[in-house]
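Each of the two complexes below includes chain A, the first together with chain B, the second together with chain C.
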Partner chain A sequence: MRLSALIATIAAIIPLIALIYFVIVRAIPWLDAELFVNNPLDKPSGISNAIFGSLQLTTAAILAVSPIGVLAAIYLNEYASPRVASWSELVIDVMLGVPSIVVGMFAFMVVVPQLGVSAGSGVVAIGILMLPIVVRTTQEVLRLVPSSVREASLALGVPVWKTVIFVVCRTAFSGILTAVILAYSRGLGETAPLLLTVRGTFAQNWLDFGTTMNALPLTIYSYSGAADSRTLGQAWAAALLLMVLALALNIVVRARTVNSRVA
Partner chain B sequence: MPSDESIKTSTGVTTSRRTEPVSAEKAADDAYPTSSKYALELNNVEAFYGTFRAVAGVSLKIAPKSVTAFIGPSGCGKSTLLRVLNRMHETLPGTSVKGQTLLDGVDLYGPKVDPVRARRLVGMVFQKPNPFPTMSIFENVISGLRLGGVRSKSELESVAETSLRKAAIWDEVKDKLHQPGTSLSGGQQQRLCIARTIAVKPEIVLMDEPCSALDPLATLKVEELVRELAVDYTIVIVTHNMQQASRVSDTTAFFSMDEQRAGYLVEMDATSKIFTNPKESLTEGYIAGRFG
Partner chain C sequence: MAFNITRSRSLLSPDRTFRAITLMAAVTTATILAIIFVVLALGSIPALTASSFVDFIGTNAGPIFGTVATALIAIAVAGPIGILAAVYLVEFAPKRLAVVLTFIVELIAAIPSVVFGLWAVNDLSIRLRDSVEWWIASTFGKFIPFLSEDSNNPAADSVFRAGFLVGIMIIPLVVALSREIIRAVPISLREGYIGMGATRWETIRHVVLPTARIGITGALMLALGRALGETIAVTMVIGGSNDVPGSLFQPGSTIATRIATTLPEANPDVKSVLIALGVILFFVSLGLSLAMRLAARQTAKITASVK
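What follows is the complex of A and B.
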């Protein structure tokens, strides 16, 4: 039993190690400053359009979604009747489970006709995928705030809304930030919805959400079938960057969760 | 106001205690001819959780600037009744209150009374010390004022010092006001919570078993504090510890449970009388430790 379990564990770890090894080994030769400053339209030595495109798309989406998601979580946790809360939570759980290609399809059919194939449509699609993550994680964090903290504030003659903002949210602030970072890291890697809404471009796009933009997942998708070694190498480099970014954010989340004062 | 005199209490703290046995309802009636002279007056108060009646028809009067202890077996509605007195009971879902709760003659549950205002006048200290975890000692003390809209830094600082001094914790924390409130020991945290409560200048301070989570030394300190605070505040304290009730209170109210598990007031009298010569045999049985 013990031996077979050990073998299973090794079998589970090998693909992960292999993946990390391959990405690093293949990407390293192509990692240089030019990768970050040039875009393929000007010079073929860089993928800055994808790197900064990804950051712009995900940042725009998180900026749009965080306030909505956090407020929704506050409503569900602090104000909603148990019935409303449980129904809404069911809907949010379903949203969490919707495959991203379905969200992409929805954005393609409903949003693209309005906003065109553009970064804007991509932001909407990624936002839809991030929203339930923000809501659910924030809710979990708010739930960790002991009711004794709420009671202490109410008993001081502090109105409910001030208790919620200045006491409950303040106590949970670190955790709420963690929820937002988690959603950001998930948004970074989304590919399917971007394929259907943004499609990608060789040009560098700065903050023009009305036209198309590029993103790391799109670069990986379109470059990974290439025949020339540089384009292929850039696909690996894009993969490494994406992996490092997501990993870094997850490490931040982990560190924050461990140090969280709410627990 | 009746004549007060300074006496030494059993804990050795100089404090003022009324000469009359204010607690005895009859005697109190003579001392205070008009009802508004009572800090609190309850007429047939009932409290519910959903359809369950936790407190049944309690009527009692509490004299200003006195310490009243609520004692009785577990589940007899003492804490629930305490939470009725500052409208904290209604913050739990499905709860309701019936009857009249008069604060200085004004019905706390009147249509024009804002529960937020009621809680400002009637502060509360909880069973478990509950300082705000992300706030410093200083921020904890002034939290009620700051959230109530006080901006002036000098005012906040002076109130913080006065409140911490009154709560007998100033000397222990004056050099670390900006450390987290949760870094203090349990007893210090509870005194911090008391400072936080009196910082908003309530008329009445409710204490729900404030020492049950504390060690004997910390308990002694809080008890001394209760006696000192009674000079300025009306205090109602729920306790399971009968020695504590006899040490700190002027008046004791004994509660019990009826067949429907609803808590009711058995009797209320001067503490010395309750503990030596109670009217009801039920009280005597409880004091003697025969049940509860």
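What follows is the complex of A and C.
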């Protein structure tokens, strides 16, 4: 019976190996300089619009969301009564289970009519998906900071706000960074909400959030069934980039969680 | 841990200001979540009042069927594999190996779903068609039309393959949640049973799994919620047909794929129907997620009562 459990474990891992192998083998022939420099409209074509589009969208979203998320977590952990904290924890946990397509639909109904089909709408949609991740992870990290640290600081006459910023947050800094990285990597891979808000474009867009932008997931999605081998190859290359980014960020997160004392 | 001491009487003291800033952030978060809830709830009203609810289900039977079918297939794939793998990781694997294997399984969860979709379109789907699907169709297809092979089916599209793909994608979630739950079963329970002469496997079978049953059910519910909402990977392999397919091996659609592919260009009538479908998805996944939390609380109570 031990054998059947072992087989199940192996079965759980096979897809990962098959997937990584396939993406690497298919993507490598198409990794050239043009891929990173040129747009789909250039000759030879590239996917630089998608690469830098993804980075711009996700970075804008994380910059907007992480201050709110971290501060909200500080309030819930340091100030709120245990009752309020445990309720909000439940609500945020439940929100984490909401499918990203539903959040995309919400953005389509509420944000797109205001901002139009644009990078800005995409940033809002991705930001909404990141917010609960930042809040919950930061909250978990802050909870691991021992009360004795706070008490020591307060006993020395340090005001509460300085204690929270310079003692609690500093102790938990590495963990808070982990929360932000985790949310960033989740945001990079989101496709469905972008499909409803940003839609993609062939043009390069630098920091103009009022018009449409492209993103790696959108390129992979729209190129996935291409008959032309160069286009399909670029889908694999985009998948490799996205996968390497997501895996690298997650490995960084895990390495941090193992090494640091807090979180 | 809560700081409730007010040190200064001045309204503009740094302490009050900082507290107010964090409170504002918390309120902003809560407001965003509340707005989502209210907007989605209101958005469904036009579609649900225009015709009766039964009619609504009838006219949208295709995507509703596809959503339920893919999610159930996914659970059938991920449930047994995920739970057994969790049992192996907690009960049998040497500690170092368990750490490495857990790490690898969790990495699957980090891979974006669109990458899974690309892989499925170009590789997995074709393999599944020629192996599992072919075997089921040639064994049961003759007696059950619902499981018969569709001879003129294009290469990469069927409800079954979409469900199988989602199953692979939710394995890490099932492993992670089941592992936590199995680990929470008190050692004293196991020791008692082993002390009476039971083997390791008998202990798992008769003590560990029954104790963890509620928790594991909850884990499967959460995984089901994830499977129901999986969008982009499913869109890429399910085929996009709006009708209820005659066989699991024919193209179909799910609520999520319908929204992703048709919402941007939909006319107002279709739009309100799609939004109503999305709202159903929202509330079903909310319900499953809540059920999971409650089940987890229940298991914690049982294990705590033993300790």
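Operating definition for what follows: the second predicted complex is superposed on the first by the 261 of 263 C-alpha atoms of A that agree within 3 Å, B and C clash if a C-alpha of one lies under 4 Å from a C-alpha of the other, contacts with A are read in each partner's own complex, and residues count from 1 in each chain.
We take it that a residue touches a chain if its C-beta (ideal position, glycine included) is under 8 Å from a C-beta of that chain, and two chains touch if they have at least 3 such contacts.
None of these values were measured; they are calculated from a predicted model.
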Three-chain arrangement built on chain A, chain B and chain C clash or fit: fit
Would you check which partner chain A:148 touches, where first means chain B only, second means chain C only, and both and neither mean what they say? first
Go through the superposed model and pick first if A:33 touches only chain B, second if only chain C, both, or neither. neither
Going by the touch definition up top, name the partner, chain B or chain C, that contacts more of chain A. C
When the two structures are overlaid on chain A, which partner does A:227 contact: first (chain B), second (chain C), both, or neither? neither
After the superposition, just quote the angle formed at chain A by chain B and chain C, using C-alpha centres and rounding to the nearest 10°. 100
State whether A:91 touches chain B only (first), chain C only (second), both chains, or neither. second
Quick check for you: in the superposed arrangement, does A:207 touch first (chain B), second (chain C), both or neither? neither
First (chain B), second (chain C), both or neither: which does A:128 touch? second
Touch test for A:79: chain B only (first), chain C only (second), both, or neither? second
Looking at A:159, would you say it contacts chain B, chain C, both, or neither? Reply first, second, both or neither. both
In the superposed model, how near does chain B get to chain C, counting Cα atoms only, in Å? 5
Do any residues of chain A touch both chain B and chain C, and if so, which are they? 82, 159, 162-163
Which residues of chain A touch chain C in their complex? 1-2, 4-9, 11-13, 15-16, 18-19, 22-23, 26, 67-72, 74-82, 88, 90-106, 108-110, 117, 128, 131-132, 135, 143, 147, 150, 159-165, 185, 188-192, 195-196, 199, 217, 220-221, 224-225, 232, 235-236, 239, 242-243, 246-247, 249-251, 254
Chain A-touching residues of chain B, taken from the complex the two chains share: 86, 88, 91, 93, 116-121, 123-124, 126, 128, 130-135, 143-144, 147-148, 193, 196-197, 200
Chain B-touching residues of chain A, taken from the complex the two chains share: 82, 146, 148-149, 151-159, 162-163, 166-167, 170-171, 173, 261-262
Complex interface listing, chain C residues touching chain A: 1-5, 7, 14-15, 17-19, 21-26, 28-30, 32-33, 35-36, 39-40, 43, 80-85, 87-89, 91-93, 101, 103-108, 110-119, 121-124, 168, 171-172, 175, 200-201, 204, 222, 225-226, 228-232, 235-236, 256, 259-260, 263-264, 274-275, 278, 281-282, 285-286, 288-290, 292-293
